[in-house]
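Shared between the two complexes below is chain A, which pairs with chain B and chain C, respectively.
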Partner chain A sequence: MKKIIITLAIFILASVAGYSVINAQTDAAEIMQKSHMAYFYAADDGVADVTMKIINKKGKERIREFTMLRIDLVEGGEQKYYTYFKKPSDVSRLTFMVWKNPNASDNRWIYVPAVDLVKQISADDKNSSFVGSDFTYEDVSGRHWSEDSHRLISESETLDGKETYLVSSTPVEKYKGFAEKKTWIDKTSFLPLKEEYYNDKGKLVRVFTSDKIETIDGIETVTQRTMENVKKKQHTTIYFNEISYNTGLTDDIFTERYLKTPPRKYIK
Partner chain B sequence: MRELLTKFSINHPLMVIGLVVLVTAFFAYQLTDIRIDTDPENMLPEDEPVRLFNDAVKEDFGISDFIAVGVVIEEGAFTQIQLDRIFNITEEIAEIEGVIADDIMAPSMVDDIRQGGGNTMVVEPLMGEAPKSDEEAQYILGRIKDNPILRGKLASDDGKALALFIPIESKDQSHRIAGEITAITEKYGGDETYHIAGLPVAEDSFGKEMFGQMIFSAPMAGLIIFILMYVFFRNFRIIIPPMIVAVTSIIWTMGALVMTGNAVHIMSSMIPIFLFPIAVLNSIHIISEFHDRFGRYKHKEATIRHTIGELFLPMLFTTATTVVGFLSLVTNNIPPVQVFGIFVAFGVAAAWLLSITLNPAFAMLLPDKALRNFGVKSEDDSHSLLATVLQSIRKFTSRRYRAILLTAASVVIVGAVGLSMMTVNDNPVKWFKADHPMRIADQELNKHLAGTYMNYLVIDGGEADAIKNPELLAYIDKLQRHLEKNEIVGATAGITDIVKKVRFELYGGVDRTKYSLPTDQDEVGQNLFVYEMSGGDPDDLFKLVTDDYSMANVWVQMTAGDNQAVSGVVADAEEYMINNPSPVAFEHHWAGLPYVNVVWQDKMVSGMRLSLLISFGIVFLMMVALFRSPIFGLISMLPLTITIVAIYGAIGYIGKPYDMPVAILSSLTLGLSIDFAIHFIQRAKTIHKRTGNFRETLTGIFEGPGRAISRNVLVIAIGFVPMFFSNLVPYITVGTFFFAIMTVSGAVTLLLLPAISIVLRRKLFPTTVGRKDKSQIKEGALQS
Partner chain C sequence: MNRMIKLTLVALTAAMILGGGSSQAQELYLNGFVEGLWSGGLDDRNPTDRDYPAAETRLQLRAESYGDNAEVFAKVDFIQDGFDSTSYDWELREAYLKFRLPIDIDFKIGRQILTWGTGDLLFINDVFAKDYQSFFIGRQDEYLKAPQTAMRAEWFTKAGTFSLIAIPDFEPNILPTGDRLSFYNPMNVDIVGSSGYMAPVEPDNSFDNAEIAFRYSRSVKGFNVAGYAYRGFYKEPRAVRMIDSTTSELYFPRLNVYGASLRGQVAGGILWLEGGYYDSRKDQYGDEYSIENSSTKAFIGFERQVASDFTGNIQFQAEMMSSYDNYEKSYDGYVAMMNMMQPGAPVTPKTDETRTLITSRWTKQLASQTVTLSLFGFYSPSDEDAYIRFSTAYKYTDELSLMVGGNIFEGKNPQTMFGQFDHNDNLYVKVNYGF
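Now for the complex of A and B:
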């Protein structure tokens, strides 16, 4: 009799545990999807003046200033980015455009004013550095949630007084960028508050933090974010100085023609 | 004082032995804290400017020391099967602990800039995946040849050689990492040979092999010395104490070294092999004398007292001169050399103390019957081989003293010519014998590729963006092209090459005229920005320029690491910069392991010259004081001078460069070559005081002292013969030096000193007894 009870108890416990594992997985993927939408697809379009500071291990900083335009063609899918550089001064007027395809390679164009040339540049490697900073292209434009499998580690983590989900993500296919990523996601805004990237040896290599969150046009937005490269002891902070959403950007701006002649309406 | 130690040892042998055991135990205990340091960079003090700058360059530009791994295949290395192997090998090397995987330079790791379809510029790994066909493999070779940053480095233009450059976290891991790389190449490779080269691995491996060699060589020399002593003295109980003296002095010295917080460096690892023979020298004099006298006195204590009494002064002075020789190394500004000098000097002094105490103490403990047959034979038997030979030498010196003087003079002249031919040069890789895998790797890779030796020429523009100035860039470019004409410069790489390559590809990758530097600063900045935008690794960029563009780093890759070659390249660049002044002012500095080696070796050579001169002067003054006569002082310096001139002259003729080991050995030569002369003259004076007659003096000197000298020559010289067969050149050098010092200074002492004495006999050895003797000291009489 005793044996039966124990067996039964084990059986019940196991099924509950098994169920919660499955549930946790779906929950985690759902959380990540929501977070991805909140962070990368806010509104239908957006315009921002951005300052980027790359601070090396000696504390010296390099500054990049640019205006960034974004339009979402498909929510959670295709997007287009247009970047107009103002600083450093020797690259002012240089423009850059990305057509993001979540399921294929992106297309990228660069306009080099000194030689008045538009050149398409390859985009096979989404893990490469974005303008020499500690952010990768993927950090800027987003890695699709379906490329990783997610697991909810905890639902009751608090980070800086905020309730968060703690999710662990591992790439479905072996990936150079990371072997595991831990994300702390704000339970209310679904914005990522912190990310930790680990390599295949389990070593922490990069840390992302959302340093400042503001509500702009009713949308909670991370207006200051930092990526720290642990090994290089270097970090990059991006400041979004002026953001406006739903500005009515049209698809035709994101073409080669506008690379050479920037749309003055959006770029001061 | 002279009597005190010996008297005490004779009266209280057990106490002396007990005391020595206690002290030895104390020093032996210190050895448990032993620290080993095989980095030749530590030849320079840590705060040496060139080291600080080298470290700063490594830090500023994120550069690491690297191991070169290469393969040379006559039929061509760029085949599908070979690149597949290289791909797998690289993947696995990246996993090795201590390898900086991100910075590996390998076909599958480095970025290449090329044209993609539809006006696309692509920055991507040269070999993202292993090629599927030989055509694809050849395409990769083509890409390497088309990229000035990769050309000659990753592959030879004929495609026969292929290399990987593996950056490592620290040099002292390179021997281990090289071992792991070998295991990987064996796992994936076929019949082809994978060569592993580069200064860090050569230096680290040398250090490791050096210690291995030490563990083998010192006991080996000890064993042979022991056997030879048995041959001479035929009594184990008598010859064991000298062995104990030698081993004890080594333990004291190494214990003291460790105790004072010093790491055992490549230099100090040689202390035992230096100390062993030097420690045995005095004991051989004592035993030899004891052996010769015991037959006469038949009284142990009296013999000991007499022996030590007679030998005390010469032993004190031979020890003092050796100590001076090694202490003079302190004037050298190279810490490991100073440490080496101080502790060998300490060991020599310890060995002296131990030999005048332990030898008598042990002898006192011997039961008389153990000495029953000791010494008897040879005293009666003046026909023993050694005695016969010595008597013939004596006769020879009397008959042919003019010829001897003439020969000595010509040796000095010929030797001096050889000295003038001596070249100062060194390369740690060449510390391995020519057939060592390290040497073969060095030779093969440097024959086919741009080189395994890397120097860095840092151009400091002084302010941010200075390097983007097109005029400065153009100047750096010209300097690079000039350097590439130098015979041993295999390639250079600079920020200029990236700017040009990006510009060329930006314009479509067809128009060769665009393979040039822009004249507009904004275009320079934008080209570099394009490189960063298009997926080029910023880390690669910032190995060539600081991130604020204030300093550029020109990689000067060389196929030879000899100091002369490296100095030649540096001089070439310096000359160019003087003759072709830059339109834009900048400061420049050199860094890189080959350059660091040049600096410390230059310091060492000049320092060594000073040490040698100082100790030569001190030893001369000591001799004048010892013999209380400037003329005897001068004569005593002759064997030493001739030995140095002969050995170093021979080195000049052979063409062996004056390198670190050769430089260090000058102090040994100086310290040891004087010894026999001291014994010879001091004993001759003693004998002469007794006989008052030159002829008898001469005969006497060729008996006891002559035998002691010859025994020493034979024991030490032969004891070092096994070192001739070492794998490591410095060991062969040390062995050869001991052999040469002993034979040459022994020969000069036994031939030249008698010859000079004959010529100057009236001044040096005036007759003080009866007139009738005087008539006998005619030359004719001497020839009997």
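Now for the complex of A and C:
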């Protein structure tokens, strides 16, 4: 009888513990999904004037200026991005387009005005640097939450006075971008306030911070964000100087025609 | 040049009229660069006038203004050539007006760079003017494309995009003239400098001599598929005629091109395929030795990232001469004639029926993409010749960059595409300040 009770007790305890683990996982995945939507899929479309500063360990600064257009075709799914470069001078008037497919590889095109050439380019490596910055292509357009498994570490951490969920994410398939990512997510806006990227040796390699959050057209938006490369002692800060949402961008703007001739209604 | 200036003025005026209705204030955007290029020859045996193919300072100015549905753009280069006695020159590289009609047609009129096709430094259906001289002496890659004065109309429909280009004045490829770079002259049966250069005669400017190029392209299952047609001339002097019993001249024979291409994502990379038929209109049977035969050309290429900031590609091209039997007969006739005129003198060798070419490009970026290492190689198994381009570029700041590089040519025989440039090996240094 004693044996039976102990076995039963163990069984019940194990089930409860198991249930809460599963529950914590679903909670974490849900939080990450909400966060992904808040950060990458705000409104149905967006236009932003962006300044990017890349500052190396010697304090030397490089600046890129561009306008970025985005349209969401499927909420949480297919998106299209269009980038028009203004500075530096050697890339001015260059345009770049991405059709993002969360479940397949993206399509990328570049238009080089000096030779009037539209070219589809290889988009296999989402982990490569975006225009030489510390942000990768994936940091700019988002890594789908279903590619990682998530675990809620804490619900009681505060960051800069804000209550956060702290979630740990590990790639489902081996990924060279990171082995583990810790994300601090604001409990009210669901925006990521901070991310830490660890390599497979458990070493911190990159740190993301949301430096400034503003409400634009009623949507909470990270208007200044920094990615620090810990090893290189270099960081990149992106400033969103002007953002507008639900501008009425249409799908046809994300085509070769507009790659060659920028839509001046949106790009000044 | 006068004509170009007029065209620019017309374009600017039109833009002001078109842009006048726009709500925005018209702003003029200006930028450009200053660049110094020094290129030194590596071969003392080179029969060129210059020991160094380039020693020049270039100022490029770009100006742009636009409204909602129209834009004007101009790009002018001012060049100070430091060879021998210093001379100055300028070139209007681009000066065009672009505007949009409500019926989904975009027009681009004026001096412009024209490009289409899928190859990486290989061209079949891209029949627009190239500047190989600039390409071989270390100028920026964009100078390979020579500007032309043209009108382009592009009609965007659900069924695909129709592009039509009309070029009223013929402009040839810019090839070595013996001044900066030596080349092979079949008459001399040797590599020559400027003394062996004969300026070819361009077609007259007439309505019938206008070049017309057409493309239809659309997306099919994620692939960009295109068909092309061209009516014009060979961009290189591929024909010779006698003006009287002792003098001959080189000219650009009539050419039509029909072709197709495909480009899209395959196996984590990009695959492209292009083919075309070069129809030599004045030598339909291939029996005219003095005019280039028709030919069929095709290439296939594949590119992918092999690591972060490291991309590689490979291309394979084959080119087959039409009516080779007739070419051989006409060649034999040419040899017999030459033997009669100058017994025992060497005669240029016969061209092979098939020419094959393999190319490969490797690009690696380092230090947050501020350093770019680049290698591009051409190798022809049939011609047994090769051409290697390599460079290292360093962006010291956003504005200031430094590049060192070289062009190396090798060939078993002097009459082949790259073999003829064997003495032109060069190394160059370039400093660029953008503003």
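Here, the second predicted complex is superposed on the first by the 252 of 268 C-alpha atoms of A that agree within 3 Å, B and C clash if a C-alpha of one lies under 4 Å from a C-alpha of the other, contacts with A are read in each partner's own complex, and residues count from 1 in each chain.
Just so we're on the same page, a contact is a pair of C-beta atoms (placed from the backbone, for glycine too) under 8 Å apart; a residue touches a chain by one contact, two chains touch by 3 or more.
Since the structure is predicted, the reported quantities are computational estimates derived from the model, not experimental observations.
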So, after the overlay on chain A, do chain B and chain C clash or fit? They clash
- Query: Touching A:Q120, do we find chain B (first), chain C (second), both, or neither?
  - Reply: both
Chosen between chain B and chain C, the partner touching more chain A residues is C
In the overlaid three-chain picture, which partner chain does A:I110 touch, first (chain B) or second (chain C), both, or neither?
first
Self-check item: Partner chain(s) touched by A:G77 [first = chain B, second = chain C, both, neither]
Solution: neither
- Message: If we overlay the two complexes on their shared chain A, which of chain B and chain C does A:K265 touch? Say first, second, both or neither.
- Response: second
Touching partner for A:L94 - first (chain B), second (chain C), both, neither
first
Dual-contact residues of chain A (chain B, chain C) 54, 56, 60, 62, 88, 90, 112, 114-115, 117, 120-125, 128-129, 131-132, 232
Chain C contacts chain A in the complex at 24, 31-33, 62, 64, 66-69, 71, 98, 100, 106, 112-115, 141-142, 144-145, 154, 156, 161, 222, 224, 263-265, 268-270, 303-305, 307-309, 311, 365, 368-370, 397-399, 401, 432, 434-435
Contacts from chain B onto chain A in the complex sit at residues 116, 118-124, 465, 468, 506-507, 518, 520-527, 529-530, 532-539, 541, 547-548
In the complex, chain A touches chain C at residues 54, 56, 60, 62-63, 87-90, 92-93, 105, 107, 112, 114-117, 120-125, 127-129, 131-134, 232, 234, 255-257, 260-261, 264-265, 268
Touching chain B in the complex, chain A uses residues 54, 56, 60, 62, 85, 88, 90-91, 94, 96, 108, 110, 112-115, 117, 119-125, 128-129, 131-132, 232
